[in-house]
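Both complexes shown next keep subunit A, but they swap its partner, so subunit B is in the first and subunit C is in the second.
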Partner chain A sequence: MVILDKLKSTIKGDLEVIDSEPDLLVIKIKNKKLIKKLAWQIKEEFDILYSLAVVDYSPDFELNYIFSNYKNAEILILKVNITEKDFAIDSITDIFNSANWEEREAYDLFGIKFNGHPDLRRILLPEDWPGHPLRKDFKVDDEIRNWTGLDLKF
Partner chain B sequence: MEESNEFSYPGLYEVIFMKTEKFINTVLNWGRSNSLWPLTFATSCCGIEMMTFGATKIDSDRFGVLFTGDSPRQSDLILVSGTITKKMARRLLNVYEQMPDPKYVIAIGACNVSGGLYHDSYNTIEGIDRIIPVDVFVPGCPPKPEEFLDAVKVLQKLIKENRSKAQKNGNIGQA
Partner chain C sequence: MGKEKIMRLNFGPVHPAMHGVLKVILDVKGDTVIKAQTEIGFLHRASEKIAEMRYFSNYYPIMDKLDYVSALNMEILYASVVEKAANIEIPPRAVYIRTIMAEIQRIMSHLIFIGSFGEDIGNMTGFIWALRERELLMNIVEKVSGGRLAPMYICNGGMFYDFPQGIEEEILKVLSVIENKVNHEYNAMFTKNQIFLSRTKGIGIITTDMIKKYGITGPIARASGINRDLRKVSPYLAYDKVDFDIPTEKEGDTYSRFVVRIREVLESIKIIRQCIKDLPAGPYKTVVPWIIRIPKKDTLVKQESPRGEMGVFLVTDGSDKPYRLKLRSPTFFAIHALQELLVNIKIADIFVIVASIDPVMGEVDR
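On to the complex of A and B.
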């Protein structure tokens, strides 16, 4: 794809190509601080963010940003690793609007902090829920089992 | 005045009063059991079966279960059909509290009986009898519309025999 050369020139060798096919490109970056700069570059070719998937390889967490475009129906998957020690990444909501709810979901179920997000609240679970349920170290214990949320004052 | 342990027959007025009260209660229960207006609280697939329950083939109108406009203020039966998540529990209780006494609850589907498919999950209420008193449970995933009809018949029998949860707890409202 044309965009590969552009991205490579932007971040200068810090980019690993995992899979490259005519209409599919899977790349991985090591430095998570580059995500915002890279998103601006991607915005020129790819106009939608389909999805943001998070995989738990404890203690590392892998974020998969899946982009696509209407023009050629190509798909670009961008992988970023973050560690549990520094559990935050820059938000790309101001570049791709659909990242808003995707990032809220990732925050809800995994607890990842997105710096610069306009409205980082839980999206699926109740606001005062204890814990982040899709993480591998989450256990359903009696506190979770008996939690009905009805002690909240309306 | 001496206390006596002797049995004394009730007087004429007491007998008339008791008979009248019993008669009035019977008439009230007959009226209540035959005009159950449901509030449909459908959250998932059991709600689809509930639509069939109200439609022409099963026709709940025959037993006075009339699907009029959904307002908790004018209904006395809540059909909870579908999974109740922990986020939904507050909303369910909020709706339930708005209904006037006496109110009856039918819990439909395996999720409302014990958690069903989502038993021991992190975000499901395992049986809604943890939050509100339930008169009739209908198991099944989802149950057939005929079973809804059976549940209504059972509830009508309970009301006529003064055995529903609302009557047991004394929440019968003003006659």
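On to the complex of A and C.
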């Protein structure tokens, strides 16, 4: 893909190519502070953030930014690792508007803070839900199963 | 009239005119909407969490209930991602049967859309008619799989049963009935109906820029002039062996979203006829063990569901269960656009615009 050379010239040495197929490019960056700079570069080739898949490899969390466009079937997957100690990353909502709800979902289910997000609230779960359920350390016990959100007494 | 007060109106999550459990909070002045906020999550059933607790073969019933209007498309999508990750080849007969069933399900889903869209603008007859045609296809799905709404027909490596004897002729007979009804009755009831036209034309316009801003795909994008269909762009199943067109419209209003789906029904009929003509003989499944282990890798599969591009990102770690399963649902992105789409319109048009998005909340909330 053409985009790879552009990205390589933007950041030197920090970029690792994991997989390269005709329609699929998987890259990984080590420094999470570069995400915004890269997103501006990616915006020239790709139209939308297709999906944002977070994977819990505790204590590291891997963010898979999946980009797509409307011209062809090309997919770019950008992997970024963040650690539990510094559990935040820059939001790319101002660059890709379609990232808005995907980042809210990642905040909801994993608790990742997106710096600069315009409206970082829970999206799928109620506001007062305890914890972030897609993390591997989330225990599904009776307290969760019987959770109503209201102070009901029977 | 003096100064008009701004009133806050809760539309949904339980409202007779709302599709599923979508909630829209509207600020209205007179009967003009000035601000709209959408709230989702009322049907969240933790599908992604359940995936981490089940064997690969035991997740099909959950996929059925994601987009419950097009359950077979969801099953085929999940089967494709597991088979791609585990390197399972499926026989050509299974590929063709899956294509036929996916298109039958697409027609059924679009018929539900046509009916409920008609009902939302007061055309109850259209709803009854569309469900009448859907029932014919429902019967076929029942004969093939044993189930109706949630068929549980697809499994790893193919499907549970072969086509029953003589089902091909029956499908062709039903298709000609539906084609006839769509071409004649539906045109009279919808696309040549003056009331329908004045309710839908020029309302809820989604521009090409908005499509790209919100990441909308599928029939909604095609109604706004974007010629993109994954069945053509990156063909899967048997779509590269059949001949069909992608219907597109330029206006991007509710009417063109309706017309695109009507024309897609006719294209699907074309695809099924060609597939039945070329349906190869041979085995209908590759026998694979119920419990399989998939080595550590990431797999992404995207397919064209009736509502747009549905994707699954599967992360495996060598065990017999998924490590992480991320579902990319098309309507999740389309619902996001409602906050811009519902501004500066009359209250009476909200129903038409929400219905034209064709949301199925099971897939949005996951």
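Following the convention adopted for this analysis, the second predicted complex is superposed on the first by the 150 of 154 C-alpha atoms of A that agree within 3 Å, B and C clash if a C-alpha of one lies under 4 Å from a C-alpha of the other, contacts with A are read in each partner's own complex, and residues count from 1 in each chain.
One rule holds for everything that comes next: a residue touches a chain if its C-beta (ideal position, glycine included) is under 8 Å from a C-beta of that chain, and two chains touch if they have at least 3 such contacts.
Note that the coordinates shown come from a computational prediction; the quantities given were computed from them, not determined experimentally.
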| item | value |
| --- | --- |
| Overlay on subunit A: subunit C relative to subunit B, clash or fit | fit |
| Partner chain(s) touched by A:Asp47 [first = subunit B, second = subunit C, both, neither] | second |
| Subunit B versus subunit C as contact partner of A:Asp60, first or second or both or neither | neither |
| From subunit A, separation angle of subunit B and subunit C (C-alpha centres, steps of 10 degrees) | 50 |
| Which of subunit B and subunit C A:Asp14 touches, first, second, both or neither | neither |
| First, second, both or neither for A:Glu143, with subunit B first and subunit C second | neither |
| Touched partner set for A:Glu84, first subunit B, second subunit C, both or neither | neither |
| Per-residue touch tally on subunit A - higher for subunit B or for subunit C | C |
| First (subunit B), second (subunit C), both or neither touched by A:Pro133 | both |
| Which superposed partner A:Leu125 touches (first subunit B, second subunit C, both, neither) | both |
| Minimum C-alpha spacing, chains overlaid - subunit B and subunit C, in Å | 5 |
| Footprint overlap on subunit A, where subunit B in one structure and subunit C in the other make contact | 124-126, 133, 140 |
| Contact set on subunit A toward subunit B in their complex | 124-126, 129, 133, 138, 140, 144-145, 147-150, 152, 154 |
| Footprint of subunit C on subunit A - complex, ascending | 23-24, 26, 47-51, 53-56, 64, 66, 70, 72-73, 75, 77, 96-98, 100-101, 109, 122-126, 133-134, 140 |
| Residue numbers on subunit B that touch subunit A, as the complex places them | 86-87, 89-90, 93-94, 120-123, 125-126, 130-131 |
| Interface residues, subunit C side, partner subunit A - complex | 40-41, 44, 46, 48-49, 211-215, 221, 226, 228, 230, 233-234, 298, 300, 302, 309, 311, 313, 315, 323-324, 326, 328, 332-333, 336, 365-366 |
